[in-house]
Structure formats: C-alpha cells, structure tokens
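One structure below.
In this document, chain identifiers A, B, C and D correspond to the written order of the chains, with residue numbering beginning at 1 in each.
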Amino acid sequence: MIIIMSSAATTEQISRIVERIERDKLDAHLSQGEERTIIGVVGDDRQIDRTQYLAYSGVEKIVPILKPFKLSSRTFQAEDTVINIKGAQFGGAKVEVIAGPCAIESEAQILEIANTVKALGATALRGGAFQARTSPYSFQGLGEQALKYLKQAGAATGLATITSVNATEQVERVASYVDVLEISASNTQNYALLKAVGKTNKPVLLRRGKSVTVEELLMAAEYILAEGNPNVMLCERGIRTFETYTRNTADINAIPLLKQLSHLPVLFDPCDATGQWELVTPMARAAVAAGADGLIIEVHPDPEEALCDGPQSLKPELFGTLVTQIRAVATAIGRS
Amino acid sequence: MIIIMSSAATTEQISRIVERIERDKLDAHLSQGEERTIIGVVGDDRQIDRTQYLAYSGVEKIVPILKPFKLSSRTFQAEDTVINIKGAQFGGAKVEVIAGPCAIESEAQILEIANTVKALGATALRGGAFQARTSPYSFQGLGEQALKYLKQAGAATGLATITSVNATEQVERVASYVDVLEISASNTQNYALLKAVGKTNKPVLLRRGKSVTVEELLMAAEYILAEGNPNVMLCERGIRTFETYTRNTADINAIPLLKQLSHLPVLFDPCDATGQWELVTPMARAAVAAGADGLIIEVHPDPEEALCDGPQSLKPELFGTLVTQIRAVATAIGRS
Amino acid sequence: MIIIMSSAATTEQISRIVERIERDKLDAHLSQGEERTIIGVVGDDRQIDRTQYLAYSGVEKIVPILKPFKLSSRTFQAEDTVINIKGAQFGGAKVEVIAGPCAIESEAQILEIANTVKALGATALRGGAFQARTSPYSFQGLGEQALKYLKQAGAATGLATITSVNATEQVERVASYVDVLEISASNTQNYALLKAVGKTNKPVLLRRGKSVTVEELLMAAEYILAEGNPNVMLCERGIRTFETYTRNTADINAIPLLKQLSHLPVLFDPCDATGQWELVTPMARAAVAAGADGLIIEVHPDPEEALCDGPQSLKPELFGTLVTQIRAVATAIGRS
Amino acid sequence: MIIIMSSAATTEQISRIVERIERDKLDAHLSQGEERTIIGVVGDDRQIDRTQYLAYSGVEKIVPILKPFKLSSRTFQAEDTVINIKGAQFGGAKVEVIAGPCAIESEAQILEIANTVKALGATALRGGAFQARTSPYSFQGLGEQALKYLKQAGAATGLATITSVNATEQVERVASYVDVLEISASNTQNYALLKAVGKTNKPVLLRRGKSVTVEELLMAAEYILAEGNPNVMLCERGIRTFETYTRNTADINAIPLLKQLSHLPVLFDPCDATGQWELVTPMARAAVAAGADGLIIEVHPDPEEALCDGPQSLKPELFGTLVTQIRAVATAIGRS
C-alpha cells in the first residue's frame, strides 16, 4: 500500500501515520517530494483494513499494491485447481456442462430431465429446492422433498448433483443430499453463509451477484477458502447494467480476467445472463470461446409449464444442439 | 397484466394462453387488432409469476399493470405508517436521527458515544456487533458481547437501540437485546433472513442493497410484511453506479419516490451513501429537504482509531453541526 | 401503444386523450375494465413522440408495442444487409477484420502497419486523424495530414480505409479521403453529425457509446438511414458499468440481440471493450462465437511508443495469432 | 504519478521507463522494495498521456497523484467563480433560477412563459431551438426562427437567455442571439464542440452527460477553459443507472463534490434528473440544501400540449411553489 499525503499535511500528521503503520506490524518508507510526502507501507497489508488509513487527517489517497485476495489468487497457486466430482473434472481440459430445471417440480420431472440431459452430454444435474425469488408470492420450491428427488435422480443416472443453499441453518441438511452446494447470486456477499459452506468439505459453486465486482467475487471465494474448503468454482451469470433489453449483461470479459487472476474453475450461466432462450446458445458458445471451464444450462421439457425461469429454459432438442456447438468451439480452441 | 402477442401468433397459441389464464383463476379479455392480438388479464395477478407467460410461444411482451408490491403500497394503506420506539416516532412530523459507531468496540466506547449523541439530539443508538465485511481478514465484530454493551448503553441513556442481524440463526438472540433489527445492504435480498425477521415482532430497518431497485426494495419489505410484521422502515444508503469519486451514489430521487409509492417510513444514511465525512452534512440536508423521515449517522470520537468506516464517520462536534443544520432545513419545509 | 389510465381517471380525462390520438391521426380503442380504462392506439405511432402522452392527467403508464426503430429493423428488411467495400463483405459469411493503429503517427508508420496487417489477414485499415480524447492535453491527432497518409497506405495495399469524423464541418473533407466514416463512441448520439454522415453516400461504422442502450444505438442508426444512406455497420465496443478491473464491460449479449433485431452488420472492438491487450484475443474469439460479422483490432509495432491506446494494442505477431484463432472459431460455427 | 512495477520486472524494463520519463521532461525517483520497484514521477505530468505508461512491459499499475484537471480545480483558483449575466450572479450567494419550456414553440408561447417565470422569480430564460432527440421522428425544434423569438422575449423581459448549441457550425450563429450557450448532455464529450464554444466569449452551461463521471465533466470543462473562455457553469442533470422507476438518477453527491473540487458554479436540473413533475420540487429543494448555485426548471402553461418533455414540465403555479420552497431552504442554510 502507498499512502499519498495531501500537500498541506503536517509533520505531526505524518508521524501519526508512521506510528499506526508500526502498530499494524508493518514498515513505513517515507519519500519526501517537493510538494508532498508519499509513504510506502512495506509488508503484507492484506490482513489489515486498508481503507481505515483514509480516516487520518492529512491523507489524500491510499493505493493498494497487493490485491486483497490471497488464497484464490494465481500468486498463491499458479496451476489450475481441478475439482473432480463423480467423473466430471471442473477446471480441466474438458468443458463440463451442468444442466437441469430451475425448480425441481416432482420426482418424475427431475428423473426425466436427468436421463435426458445425461444422454445429451451433461455431466452434472442441477435443480432448485429452495428458490430465491424476488416476490414472496412466487413459487418458493418444494424444500426438503425436492432434495430427496434430486438425490434419487443423481443415483439413477450417476450424475453429480447440485442445488443452492440459502440459509446457514440449511447447510448441513442440504450437504447430506447433494454433491455440490450452490450459492445463489443474491447471496454472494452473505458472509455468514459463505463461512458456513466453507466449514463443509463439499465443493461450492459460487455465483457472482448481479452487482458484485470481480474483486469482490474473489473476496467472497476467500471467505470459503479461508475456512479450509479449497473446492470453490466461480460462476459468471450476468451483471446489472443500464441495458434493459436483456435480463442481465453477460460480463464475458470476466471469464478470461478471472482465469488470469485466479486458479479456480470459472463457469458461465447463459440463461440467467440473458433471460431469453434465443440468446442462450450463442452466448454459451461465446463463453467457451473466451475460456470458460463449464456451463450451467436450464433445461425443461415444457418451458411453458415450468414453475420458474420458463422464458430462459431450453427444450431438450435445443440443449442437444447447444452441446454439439460448444463442443465444436471447444475443439477449435484446443479443448474438448 | 396485458399480454401482447407477436404479429405471427396463431389462434392455437392464443387459446393456450387463455387456458392458462383461466387455470390461474383470472379472466382473459381479447382485443383483436389489425396486426396482432392483445390479451388483457383481469383480476389480481400479483400472486402468480407473471414472467412465466413469456415462456409461451407467440408472446412478444407482457406488461404488468398492478405494481407487484401490495402490503407496502399506498394503495393498500393511504396514511403514513408511524413507528414508535421509545419515544422516537419514525414516519411522523419530526425527522429522527439514529447515530452511533460502525462497530461497537468496547463497553466504554459505546456508552460514551451514546451519551454524546443523545446530548446532541439523536433519538436512537446504532452500533454493529456482527459486521458484514467484504474481506474475511477485516474486523468481524465483537459478537454477542457487543449486544450486551449496546443494551446497557440503551438502558443508561433511554435511547432505542439498533443493530444488524446477518443470519437466520442469529435473529432470536439479537432480538432479545435490541429494539430494532437492521438488515444490512448485503442482505436486502436474503429472503430466508427477511422471512425470519418477519416472524418477530421487532421493528425492522431494511437497507436498500447497492444494486437493488426501488421495486425490489419494496418487494423485500413485502417479504417481512407478509409474515405479519408491519413495522418496517426503509433506508436508502447509496447505489452502485459507474461513478468512483464517491463510495456510492446517493439515490435521493428514491426518497420522494418511496414516499409516493409506499406508506412506510423512509430513512437515509449519508455516510454509506458518500463514503467521505466531508460530504455527509450537505447530503444529510439534501435528504431532509427531499422528504426523508430520518437519518442514520456514523459518529466516532476518534475516527482515525475506529475499527471500521473511519473515513465516513463524523466527530461529535461535526455531528452537532449536522443536527442543527438539518433541523433548520426541516423547519423550512414545515417539519421539525 | 397502449395507454393505461389510473384508476382515478375521469371520463373527461379519457376524452381528452382520445381527442389527442385522433389529432395525431391514429385510432383509439377503449377497453373499460372494472377498475380502470385501457386505451389501445391503433396505427403507426412511431412518428409521434409517445412519451408526450405521459403528460396528460389521468395517465398512469404508456406501453409502446411497436419498437421505435423502423428502417434498421428486421421487420422492415428480413435479409441481412451486406456492405461491400473493396472486396471486404461486411455482413456476409466471412468474418472481416479491420486493423490499424489508434492514431496515424507518420507516413512510414501507417504504411508499415498496413502492409503488416494485410499480410496477416486484415481486409481494412483503420487509423485516427482527429482523436477524441478525454483530456485536452492529450495528443489530438495529426489532422488532415493523417488523412493523406491513410489514403496513400490504402492505395498501396488495396485495403479499404476507415477513420473517425468528429464534427459536421469535417464530414465532406474526411469523406474525400477514406472509404468508411467512423462515428466514435462519444458521438453516437451527436445527432447533427449523424444527419451529416447520413447525407453522404459513404458506408458508416457507428460505434455504440459507453452508455447507449441497444435501442438507442438502433435509433442512432435510424438517423443515418432516414437521411438516405443505407450503408450502416454497428459496432459494440464495451459499455460503462460498475466493474473497474476492465476499461469497459464488453456487452457480448448485444451481438446476437442486434442480429435478431436488425439486418445491419454487427462488429466488435475487443481493444476498447477490455482496455488490456491480454484480454483482446479471448474476447475476439467470444464475439465471433456469438455471431459478430467483423472485428476491429488496434495493432502497433511498438505499443510502448504508441501515441494513444498503447496498453490495448496488439503487436503484429499477436495479431497474427488472433486472426488464426478467430478463423478456427468461425469455421467451427459454419462461417469463414 | 507513481508507477508500480510487477514483481517480475527486469532492470532493463525499469531503465526503459526511466528513459521515457526523462524524454517526457519529468524526473524519476526509484524506490526499490523487497519485492518490487516503485517509480515516482516528479513534475507536472498532466500534460502527458499517463495511461500510455501501462503499455510498457513490466508495469503493473499506474497511480495518478495530480488530478487531471487544472484550470477548473480549486488548487488553480481557490475562490468561487461568479458569473454575472444581466443581473443574475451564478456562483454567488443567491440561488439563481433558470426557467422556460423544453422547446420554443411560437413567438407568443415563449413571450408568455418569459413574463410568467420572471414574475415568479426566475432570472434567466431558457428554451430549445435545435432539439437533441433520441428519435429522428421526434420534433427537432424550430431552428433559427426560435432563436429570434427567444431574443425578443429576453429583450422584452430583461431576462438573460440560454439555448443549446449542437454542432460546431451553429456556434457563431447561436452566440449572436443568446447570452449563454448550453451544451446538452449528449454532447458533454463532443470535444470539437467544446473547443468551438471555448473560442467564444459567451458563458457556457455545460451539462453532465448521462454516463460522464465527475472527473470527465471537469475535463470537458477543461477543454472550454483551455481555449480561453473562463465562464463555465456545470450542471448535474441525472446519470444513467440500473434504476428505471425514474428517468435518470439524480447524482446529488456530485453537487458538494464539485463545489469541493472546482471553483466553477454548479447548477442542477431536477426535470431531466427525475423525468416526473411530481418529483421536481422535492429534488429542487434537495439540490439547494446540498449546495447548488442554481436550478434549471422546465415550465409550460399546458404540459399536455408541450412539443417535448411535457411529463417533466411544471405548470406556472407549481413553479411558483417551487421557487417559494427553495428560497426557504436557501435561507435555512444561509443563502438567499
């Protein structure tokens, strides 16, 4: 961190900051320019609250040098993290495809979709049991019953299973049913929940909230990693911008950027990112071309009757086309 | 809701939608234009998932007519909700001031600040026990110990007490110590938590998340109200935009807009909304001039040593000036 | 357009609106519901200012049905517009690549780059003569002298030439030197300029401004088309969002969306969209996978010495790699 | 500026940067840490393109210390600029009110409004002659004829006159009719136009574009000031965010921030900032409470028949109420 003093800063103000730096067990390196003093802070300052220095009189600006995330960074671990779940390898050479309905609606529904998506190339099955909905009057999910159906469908097909967990008190229960815990976009910065899933040994799929920066996403991952759970997958699913023709704006830039900054696998959800089934396939291709390690696709045999996210769900035949096309793109860039 | 069919929609597609409308226990009213059919949906469609109709073939667009929030709307209740807490009246003629440190740091600290802010005109005391921090390496709060200190300081001064609750499992415990439960901006759409505080009988201060729309804020309030807790206060605290010179962008438009749409009290937090103590006082004046029912101000005797939010905390003397100035503005617009 | 009256609207207010509709030479179709009246406006209402109806007492909301753009829409012209410029076919099966330096710095520089990018697969040459810079103290371009150098380099290599035009009074002069007029992102809604280029017969490359919606971009195209110039190419180059790790956020969603809404060719500039040369190649691949008809790439033999946009310019060898990779992706999706 | 080298930077890379700094006629000050080298650049680096240093191999980050704007900054001029126009003093103790219709529609209309707003307390008259409209099919203004009507209405009432200028070639002509040239929000970064108005001696009202940062607004002002025209007024009029219930989001934070950073007068337009006449008065009060030096208000005797911006225009009686209320707020904070 570098602390830039204002041109009017007094010697006494500078001394107070140097004292604070030493109290924080770091070293201060002063550089007296013509107009102002600049203080270099030497040492690992990521464990302190750097913005606090802005509260000191005489400080104009602070400039972090070390990025605030550690365990999730490429500096900490240069090689890619590869997470193996029932044969699927997230972060490896193959682009993995997770598929399933927005909500688990019945035993028959999830089993049918499981068989379908497996036959079409998916390696993991996802479905919602506890839905996070904007309105209290919308369908809130079948709850624990849905977890049982999901587990059965996973067992029947051999597919890894994924569902989202929304409250600390649900974590243990949900973890007993599924292979991967998902943190939904409205909970990316629900720190109590992040700590709770960090205490399990289950892989975690961490979605980026609609207004969470890339840095904040990696800090959210840091919460999980710092609790001792190294199996974190990141998922871009669209951010909120001024554009209203699409439900969200897919931040495809974030895919190569996250691969550059972090060793964690990076997935993409083109359904949430666009909100329109017509845009899902081209955006799935785009994400793979940009370097995504996997995709999450909402599939429903009858989107008109789906209990949630119908407008952005693919029918099985379209899902099949999507898988074929993204395999072609993956091959073109040297993946599979 | 109005459903606008595409110009290529078939009779069969239209019939399927009419059937669905009837299945949803609503009435369909068809209007056959030259180029396209428009279907009016008659009845209260707020309890259904309206976007689901977009999944039907032949639908171009749906247009909600009824706003999705009910219990929080002016239509449901025309007169202002006034919430009485230990003499403070949120939503009444007087502009109430909540003040306190970002974090409760010690028994002495919170008691000192409580006495100070009371003397300067505050009617409620706020301090953090469980902090929601972007980094797992930042100070996370003193936890339950802090709740005890806060309760003591409240008892000693007679001030109402407020603190934030971050996980469903904390709700009961926190509610046993304080007068008002706060939902922090990272939890505005943490629906499990909203339901949990909705089941208590404590007043709730619901902060707007940094990328939550006005409509979504009212839907979050709806989660609490629908559980039977009518004592909800809304709080604007800045939204995330492209502007980086300030920590957030204060959405002052939202203040008169929320007062127009809803009967709930509307507060404003100029500290979070700006991130800079120099901007806090003018923005507090602006919010009052725009019609805010109350303010939340971070006060610390020594911001340089504060364990969080030092750069946006006011020293007591500045807080005194702020209170004087906002009282003058309140008087100018016919409040007190 | 549908006009939704408030539930309190009077008969007299409704009559005034019907009169206005008739004055606007359109037909009104009333639908009296239990709670409110809804007025359907029959006819092509795109030539009137629809928001004006919001000014009428008793109106709650207006809902456009026809999208406001006409000439640029797929409804107006179903088949793709293909623009031929010196052998390059924008909007055809082949993904075209426009390349060149941010600024034309000398006769030798532009000629060298022209030869290089042609050899590596570019079909058009782009360079700036009049730069649009945020700071008046930054390099503003060589002006007309640069236009001469660009024309010479185009003639020497046979490449089509492109440069941006920033003021109405420059249009004629710039058009006399180059094959394509570019509207830079800071001028997307400079309507006087759009009208001026619409009066020429030169193809126009219209960049999307950093906060211009997809609808507004098509309305900007409409300004050019309405003046009689049908040769418009659209270019996505990143929008402004809250994310700061990248210069802009590439809105890749906009590529398939624009192809769906409009018949005009859609290009993508990964340099402006990311601001970092390391991200340019993966994002170029992503855009092609999403359906872009062409790319604009900044190439400089020595980015460290470039007079502008050095950090996002590719060295020739990297540009060669990019072209190879995007050709592979194009082939994978059935283009060339 | 401080240049932070990556930890892998070589001695040769550092040398190249030092050479470049010297070539740019600045001094380099090296600080060799344990892990990385930091280079301080000593001297006024605002006249160079600082981002260019990011193009150098081995550079991780650059950190500007001097803000990029000079002539518009408080550092350059500590005391407020006060601009006198026909008795109105923009930037002085009194809050000035500019009022008028969005568009000048006829000789009678502008004269009637001029008399009305003068009687109610306005000190300047504004009306559009050349409208900047999103759609080419919307009313584009009466052009030069409107300028004549505006001049007459100004002469008849003694009010200062203001209108917007949209193209370089219009500048001289428009300047011959009015007292103040306005740059509309779609032209804030139309640099050719900024230079052109900078060459006149007319006061300029510079609106902030909907996605222009505070820093970019001051850089736009810098273009005008650098041409020798010191009479620049800044105007906040709402920025574009994700919120759609209001037309724009009023960035009230920007008002005290601009007053802190710059000596130029700061105005606010609550009509554009909200898009709804019901919100105009509370937001006008808010801006004055936050420290605005003046307001721009759209007034029309019959908003339903206005040729543009009807929904956000005030009827004369409401305008009168607004003026009364903002005078009370101004008095409460020690202004008039």
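Methods note: a residue touches a chain if its C-beta (ideal position, glycine included) is under 8 Å from a C-beta of that chain, and two chains touch if they have at least 3 such contacts.
Since the model is a prediction, treat every value here as computed from it, not as a measurement.
For chain D, the chain whose average C-alpha position is most distant is A. Set side by side, the interfaces A-D and A-C show unequal numbers of C-beta pairs in contact, with more at A-C. Chain A and chain C have Cα centroids lying 31 Å from one another.
Once the centre of each chain is set as its mean CA position, chain A and chain D turn out to be 39 Å apart.
Annotation for chain A: residues 211, 240-242, 244 touch two or more other chains. Within the complex, the chain C residues that touch chain A are 211, 213-215, 239, 241-246, 249-257, 260, 273-274, 278-279, 282-283, 285-291, 325, 328-329, 331-333. Of all residues in chain C, those touching chain D in their complex are 16, 20, 46-49, 51-52, 54-57, 68, 130, 132-139, 166-170, 186-187, 189-193, 195, 209-211, 216, 219, 222-223, 226, 240, 303-304, 306-308, 310-311, 313. Chain A meets chain D in the complex at residues 2, 4, 29, 31, 33-34, 36, 38, 40, 42, 61, 63, 65, 211, 240-242, 244.
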